[in-house]
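What follows is a pair of complexes built around chain A, which joins chain B in one and chain C in the other.
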Partner chain A sequence: MKKILCILLAVVMVIGLLAGCGSSAPATSSATAYKLGGTGPLTGVAAIYGNAVKNAAEIAVEEINAMGGLQFDLRFEDDTHDAEKAVNAYNTLKDWGMQISLGSVTSKPCEATSAETYADRIFALTPSASSVAVVSGKDNQFQMCFTDPSQGSLSAEFIADRGLASKVAVIWKNDDVYSKGIYETFVAAASEMGLEVVSDTTFADGNDKDFSVQIADAQSNGAELVFLPMYYDAASLILTQASTAGYSPIWFGVDGMDGILTLEGFDTSLAEGVMLLTPFNADSEDEKTAAFVKKYQEKFGEIPNQFAADAYDCVYAYKKALEAAGANPSMSAQELNDLMIKTFPTMSFDGVTGIGMTWSSDGTVSKRPMANVIQNGTYVLLS
Partner chain B sequence: MKKLWKNKTTRKSFVTYAFVVLAYVILQSIAAGGGMKSSLKGMLVPICAYVVMAISLNLVVGISGELSLGHAGFMSVGAFTGVTAAIALQNAIPNAPLRLVVAMVVGAVFAGIVGFLIGIPVLRLKGDYLAIVTLAFGEIIKSIFNNLYVGMDGKGLHISLLEDKTHLMEDGRLIIAGPMGIGGIQKIATFTAGFILILVCLFVIFNLVNSRSGRAIMAIRDNRIAAESVGISVTKYKMMAFVISAAMAGAAGTLFALNYSTVVANKFDFNTSILVLVFVVFGGLGNMLGSIIAAAVLTVLPEALRGFATYRMLIYAIVLVLVMLATNSPRLKALLARLVPGRKEEGTDG
Partner chain C sequence: MSFLNFVISGISLGSIYAIIALGYTMVYGIAKMLNFAHGDVIMVGAYVCFFAVSKYNLPPLVGVLLAVVICTLLGMTIEKLAYKPLRSATSLAVLITAIGVSYFLQNAALLLWTSNPKIFPSFFKRAGADATQAVNGVSLFGGQLRISYVTVVTIAVCLVIMVALTLFTSRTKMGKAMRACSEDKDAARLMGINVDSTISLTFAIGSGLAAIAGVLLCSAYPTLVPTTGSMPGIKAFTAAVFGGIGSIPGALLGGILLGVIEIFAKAYISTQMSDAVVFAVLIIVLLVKPAGLLGRKIHEKV
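== the complex of A and B ==
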């Protein structure tokens, strides 16, 4: 028995060694394709986002490579939503010979890898890392998504402009960067816009199952609208518990709410009338979007979320920028970096998450958010 | 010298020092030659930090015999206080290596103080109870840093809990921003600093273990009642091991955090504590060289297995199980004893 174990162990070790060599061997392969790399959580709590980005990027790369012309070689590494692992994954990609980067999927890991890509002069366009720290002070870091603060102020503006409510409540997650970033600008913009925040309650990791206190507080203070800057898993519980408590204000979410309709075990009728600000609508009639959604569904059996759409756009934006800059795949990462820094702020890009997107030289994107309301189990655009 | 060499414990410590120095020299020369992959290069500092974490936890678990499940909490204290010091002193001490040393000392001192405070209630407990309480303290430290705001401006440091009430002046900078942790850290941690920290920690541990206090600590581990009966103060010696271990973990935390541009409290959770405990158990309780090797190997392994893509963590777990079984096999131990003369005599003390 022991002998078998030892032999097995030796075999596993040898395979490990070989695998290590195997992955680095093709580094010298063709200089006909751009080496595009990215990191994201493919395992762990945030795996849903990383996999969405990876899948969508694969679809885009396949499509572009099938067109002939410009070619991409995509490699996506797991970072388990951890800054340390993200830097490790980034270094692995660097060894592979990555020329342009998709940064990291989630904010904190991306903050860590963006410091590395900045130092190494490798251009990065992140699909979904939305915190300001990702791009601030770094000339070669660009975003495809809105920054968190802009989501908060855009939501407040939207609510005030439409006159949806004058008394609002906010429930937010105080140990989450994403939630806090949106909350802070929402509250600041709300007071400017004359909205009254009558209830402001929080929750945190490990304390995110029972929301009766927060809901009762919003209800007793007479909030007509409840703003939920959080991901859909917590939001689904709030909707369920509020319905049990007989409280039915207007619910308003941001892009993290996207995905609530596909959540297993959630009664989607509770989400009727929920408004959310998101740049991507999978039910859009737009030709490009419909084709992307169809392909994604065929290949992975689910409806793509906003992260997937952003990743899909990232690859196409790269294609456009590389063609516009007259780059070629034999250029070094540093040369491509300089070209991309010059090209991105000058171009306008149409994708599935918006038409006429532009980037400012600080790396933030400007595109119009679309406000959707959930009706009969699908998103309907609020025009 | 010959006499020293005959002493088993002295020989063991010299072998450990030699191993660390040799590993450092080899790795540095590969790096200088440009032959090192960036993935390994990027892991050098975290490996040093984990090695220090492992040997410091080994002092508590292996030497003092108390199961602590909250070691990442001390790493967290060291990381946050050390980085805060490094940022606050950015202008006062422009010299990066000096600032790193000051930051690590600050991290170690704060972690030591926290270790002392936690030790007062915790060390009155035994066995399983102690394990659970240390686990709880690790979580408490995590939630404190998730809700702590520290800013600095011309008037000095401002601290507030739960919400940002620091009211900084215009030139101020929010250093610790609650759940967002610390961002924009200047990466001043170096492999050489990590190497020196390992040597210092080994020096402290080996000298402690071979001292009067060290023997008292081990006597308490082996038989508490007997130790008490000869007049050894149980709380004092346990506390000594616990505080030294916490301080080392704090320095490791500072080193670790200063190697990345950002750090969040959630990084130092229960999983990290268990990971360090795995290093210790893997390398053998009380065996410092084992801890060093285990920490290095188990940090590199998941990265080396990236070729397996989706099956990576599964294979990591399988390798872990197999190595545990293999290293505990009597047949393999016998084989090792035959290959390495002089090892046999050590086999008996486990």
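== the complex of A and C ==
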């Protein structure tokens, strides 16, 4: 019996070896298409973002491939919003022969993968990882979304300009770079703008269920507006508990709030009046946006959020840059990397998340944010 | 008045910890093992109730009963498949198996129900004066003190369970068999007690309680994901150790104290430091009373 088992194991190992050989042989068939890869949470708490990015990137790739001309070969791997898994997923993509990258969808994993793509000289344009650490000090890492600091200061500016409130509260997540980055610049900008931060409370993983204390603190200090730089899952709990506590300030979120309306079973009336800064509005009458929203809805049965829009723009921005640089798919990742570093800061791109976007050579994008308010379960643009 | 509000939220959070802690404490008391999969049984219970009520439109009470039945069966199955074969193995092997079962349940839930958060429906509300707005709590002293129905139900359920369990273990034959097993398994076996079925019963009761805890946890904090049970599970385990593991009143005391300390630490010390404060208190208590607040000190004869 033991002998049979040994032989069986040996056979399995040999097959494994052979299989390894098979996949490491260079794939020559797809030299006509650029291998575009990315990682994001397709499962896990942040799955809504990863899937949005993957779906929208698929639509963009389909459209571009259907035009003839430049072709993309897209592969998207799951990282469950975990830095270690993101690096594993990135290695899978590298083995596959990825030439250009969409980075990672969320900030923490993207900080890990951006270090890898930087070292491996693979150009990356992340649709949505907004922390500064993703791009800082890395010449080949670019962002389609705003960086966290700019989200924080833009929010404070908007609140002050519109006179929404003079006393504000912030609830932020102290073990999350995304939340902390936005919080720090928000507080700095708020004091410059003459806003008074009357309540400043935090939460962390494992302590993110009960918000009664944070809400009571904001309420008892008379905050007229509560700023929530966090993802929608925690925000939904805050909104629910605040309604039980009978507290109804102005709620102000950033791009992580996007997704709250599609949360399964969430009473969207609780999100009524929530404001958020996002560069994308699915109800926009812009022709390009309308076409994208229609296609996304037909294919996936839901309205695309800002992450989807950013991903859609990423693929088109790549198309524009690759064409402008005169690149071809048989170039190595490193050659493409050098071309993209030169091309991105020189071009101006019109997409669904903004017109006339430009990039500075540090990898950050400049585009105008739009403020939306949730009314009757949809985003309405605040003019 | 905010002080009273904090006390109430602390007791409410603590009651949930206490019900979960019961599952840990009973299994530890009788089988002398730490069932780390307990937190994930809670999650399964919450999902069963969620689907029964939201997808199949069953009345909430039926949903809860269904969750209790399924979790009881699940608990007994886990015991039979994963723990029973290891009854004579070292406690370390059993501990690792329990951690394995915990990961198995979490990942099975990920596959079955995906990780997109689900918002648990709220059962405890009544229609308000304005027909569109449901009222989910009472407000006293001109709105200064608010108590949600979930809080009231949670505290009541917790007390009922404690009293029932205490009566069960002290008055009934099966309860006495449980206590005998926890004292000395071999002696109990010699006295004609079926130790295996007693342990199985313990798992059944613990897991049934986990289902109730899951429903209460998700009613109070409604985001439901496959990892929902893990952190409350760890906190409840802490509560069980705090109160004295193996002791039923200890679980109640430990759970409620932990909940209140957690909320107070957030409110009066710092929201950033609350978990650090909670665990610092635990360490101090264990230094002074190593068996926990109500734990029995066991003298080993050398």
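Following the convention adopted for this analysis, the second predicted complex is superposed on the first by the 357 of 383 C-alpha atoms of A that agree within 3 Å, B and C clash if a C-alpha of one lies under 4 Å from a C-alpha of the other, contacts with A are read in each partner's own complex, and residues count from 1 in each chain.
To be clear about the criterion, a residue touches a chain if its C-beta (ideal position, glycine included) is under 8 Å from a C-beta of that chain, and two chains touch if they have at least 3 such contacts.
Everything quoted here is computed from the prediction, not taken from an experiment.
What is the contact status of A:174 with respect to chain B (first) and chain C (second): first, second, both, or neither?
After superposition on chain A, A:174 lies in contact with both partners, chain B and chain C.
Thinking of the overlay built on chain A, is A:43 touched by chain B (first), by chain C (second), by both, or by neither?
After superposing on A, A:43 lies in contact with both chain B and chain C.
Considering only touches as defined above, state whether A:83 meets chain B (first), chain C (second), both or neither.
It touches chain B, and chain C stays clear.
Does chain B (first) or chain C (second) touch A:263, or do both, or does neither?
Touch status of A:263: second partner only.
Please name the chain, chain B or chain C, that touches the greater number of residues in chain A.
Between chain B and chain C, the winner on chain A residue contacts is B.
Classify the contacts of A:341 with the two partner chains as first (chain B alone), second (chain C alone), both, or neither.
neither
Does chain B (first) or chain C (second) touch A:111, or do both, or does neither?
first
One more residue to check, A:133. First (chain B), second (chain C), both or neither?
After superposition on chain A, A:133 lies in contact with chain B alone.
First (chain B), second (chain C), both or neither: which does A:204 touch?
Both: A:204 reaches chain B and chain C.
Taking the superposition as given, does A:94 touch the first partner, chain B, the second, chain C, both, or neither?
first
Output the chain A positions appearing in both contact lists, the one against chain B and the one against chain C.
43, 174, 204-205
Looking at the complex, which residues from chain C come into contact with chain A?
Answer in residue numbers: 2, 5-6, 9, 13, 50, 54, 110, 114-121, 136-137, 139, 143, 146, 148, 220-223, 225, 227, 231-232, 234, 262-263, 266-267, 271-272, 274-275.
Would you tell me which residues of chain A are touching chain B in their complex?
The touching residues are 2-3, 5-6, 8-9, 12-13, 16, 19-20, 22-24, 42-43, 77-78, 82-84, 87-92, 94-95, 108, 111-112, 114-115, 131, 133, 137, 174-177, 180-181, 204-205.
Can you name the residues of chain A that touch chain C in the complex?
43-45, 47-48, 80, 174, 201-207, 209-210, 212-214, 216-217, 220, 233, 236-237, 240, 244-246, 263-267
Could you pull out which chain B residues touch chain A in their complex?
Within the complex, chain B contacts chain A at residues 37-39, 41-43, 46, 143, 146-147, 178-181, 183-184, 187, 260-264, 266-267, 301, 303-308, 310, 312-313, 315, 318-319, 322-323, 325-326, 329, 331-332.
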